[in-house]
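Per-chain numbering from 1; labels A, B, C and D assigned in written order.
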């Protein structure tokens, strides 16, 4: 009954890098938050403090900045691929790398002026094991709302049920989506692919008459897979941002789906995967 | 040397109310976070726990919902005026009310579908003392960035100075603005007035060649007062969201304003007021 | 009807400084978050971008670190006094300084080992105008709860009232307190004074049978002024962290003050000042 | 190449429940944040919106409150076990349940008065598949610091290395720990087991001369497994809360490990598992 080291990894989290490119007077921005995690032959540092296989997290941070200058940032995904391959291919002690990136978008106001787009955050996760690379794109905090075309009925009733059925409610959520590409070069490039998937998710949310948030979730994933042959799997986490109808009867007022409480906690949370039945296995947990 | 009760107030903070209006199939949303604070003859509850002059904060919350149904929400400012006047005019023990509102905007995706606009938050503060009402509109978290046309030179040098002068830097900030209207009915209405002030702030930020963030601040406030005769005073708080040029020389790389660290803390904070010299006195602190 | 510059200030916010002192093997920590705001003859930088009176915020940050080394950190308050006096006394263009400090406390685990005390944060605000200095100490996020000895009855009933009276409820709050000292050297020093005021606040909360949160607020302020002659004024902001009794009757269960929802929003907010009737005027807003 | 539903689950997140127990005048508190996730035969709701197998998340919330009254909260873990078993055993369509609980601790101030202990949060995760139940206890945000007895040397040097070696640094982290029990009834009960594991983690952090944070991580996990035969596996995530020595040489000051910047981002993140070599397989991902 020995005690042993199990799975482990380490890296530098949340390196904030902004790259400005100049085409004469007209500038463009890439604004990223980069987190690196490396795994490999790291038993010595855990067991004895021998760091001879450890590339310091400070060096990982430096690499992010140097690569942003040397290679530019074509897209979050390509930048992640460059970094993941570099760490594994250059370090004998490192056999696997994961790079997680958040991208903050900016709307153009002028040739070199921008407003931060405070809506959803774009995400990218790259995994590389020295052989195969995997790219998972995503977005978080895309807050969507339908003020009708949503019902919730026919559910299980047990001794703890008090919820009344409804045939017209507000359905609102903050979409957290992750989708896995078949390869590392989607047709049209990663930026266009991301925009297309985002649009598919929004269109499916808007266009689905919803009998449950699960049904909307599946419709969103299915739409992405239908529209984009280069995507093999979609994972969605959809909090049900409850809008509760206020009881105004104590004040002799009706409330025909007019005035709602936007509630914080608790909230429903619906999580699901929509996948192709021939999707290749993934390299690791998402 | 007695101990006495000084200034005091109480109220319900952060009542979240969403009002949906229907024009056939086409819906519109108002999404507000309403905080009420009341002051008046409240010594008894403090000194003896006699609550006979206390309108419970629970009742204030109910009033927000009932008013949203009964009167609708023409704008955050008008809703605040209705509430502030109601509490003071209906409660003998209450002589002053302050209503603070945050409005969350949604972009239309369809006749009854919306995406939360995650950028800046609109704010409104209404004060009423039984006689005069005052409306202060505002916005927070409007994040703007110029990637050039900003310098910082000619400042005081003392024994603790290490900052080098620069004639080209990124200037970025998260605008927190509050502006006071001359009356309670700006020409064109509160929504149009808010949009126009927002545009003036953005235009001035974009169009100002900046020698200091203070200079940009003044230009922003001045632009609002020039464009909008109905505004008498503008207060701005501008954090300097530092983008620090990375030293890449250890890696034999140059860095001609290309790669930056987006830093969190510490940050410069520039606060200032731009006002008409004949602005009427305000009812209270902002 | 000219446009003019009104009140303004600038400074470096949130400089995080940790000072370690060694007495042989035994170390002590001071862990501060320091924000500086300066005001004075700053019209030129606003109007023309002339920075000749501007001490850069970067220099302010450097000064915080250099002073931590040169003078040590006897207490947050004394460190704030040193900094505020330095900026005003050494800079001809600066006539007023405000230093805001948060102190994070650590519990000792060993001679040089510590656990962060995640409870309330200690605060200190120092103002100096070249002549007089003012010290306001405080704390935030001190979360207290009495599970009985609280009632709420006899309040105003209006058409929007639905709240039932109660003679036994949970009373919980997150204390935000600020108190102003008579001078800049309370007997026993700032650390002991802070501990004593904190204890007085807690004792009064615990020991007061509460008919309203306002009554508890006044009792807390009064206790501080009674116990500490060196304190001239206390300001308290007490959110009412509502614990709502759950209606379990649909499940044939009683609920004799047994099971509660800890609610987030909305919440009551009670704010008040307790002061000596001969308190000297303050230097500025808190 | 069909499109299919993959792994999915749903539930109610963040139900906040406080239970007060009375022993005469002396009260005790349990303050929990409960999240439920259920999985099973849920294809119909995703594919067609048929909710006949869906127990609404609202009902799950009700169950949390009803169980808190009916069964009490002996410990977070036992409460989670009751809930997980209930959902699976009572619902034909549900085959697996996961219950995640955060417990907020309160220090006693009097017979019915408490102060929220703002330090680390206790966590519990229970999984049940109709056959086997698994309990994973944990804690988060336990912030620990050693002001010496930490070095970092002998690491890989590559072209992006700039970090100097050090033989004396501050080592600080915010411990996030999860440990899996061998069964569902640790000797002495869950509360005592939790306290003992927490103490083992703290003791190992304090007592380990650290050559890397990885070494400290392993020592912490090993100590838990050595002290507690009822624990089979420990997972730790340790952010390296960097304290950077300030360069004071521009001000003619030395800095012998005296004044530090407490940095926010980026940060190192060390994650690892320490396990018994005969640990039984786990029911699911943590």
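One rule holds in what follows: a residue touches a chain if its C-beta (ideal position, glycine included) is under 8 Å from a C-beta of that chain, and two chains touch if they have at least 3 such contacts.
All values reported here derive from a predicted model rather than from experimental measurement.
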- Out of curiosity, which chains are bumping into both chain B and chain C? A, D
- Message: Of the pairs A-C and C-D, which shows more C-beta pairs in contact?
- Response: C-D
- Of all other chains, the one whose Cα centre sits farthest from chain B: D
- Note on the structure: dist(centroid_CA(chain A), centroid_CA(chain C)) in Å evaluates to 38
- Item | Centroid distance [mean C-alpha coordinates] between chain D and chain A, Å | 23
- Task: Measure off the straight-line distance from the CA centroid of chain C to the CA centroid of chain D, and report it in whole Å.
- Result: 31
- Message: Could you pull out the residues of chain D that touch at least 2 other chains?
- Response: 16, 62, 66, 160, 162, 250-251, 264-265
- Task: In the complex, go through chain C and note every residue touching chain B.
- Result: 1-16, 35, 37, 42, 45-59, 61-63, 66, 90-91, 93, 152-156, 158, 160-163, 210-212, 214-215, 217-218, 221-222, 225-226, 233, 235, 239-240, 265-278, 285
- Item | Touching residues (chain side chain C, partner chain A) in the complex | 159-160, 162, 250-251, 264-265
- Tell me, which parts of chain B touch chain A in their complex? 16-21, 27, 29, 31, 62, 65-66, 68-70, 106, 109-110, 112-120, 141-149, 170, 202, 205-206, 243, 246, 248, 250-251, 253-255, 257-264
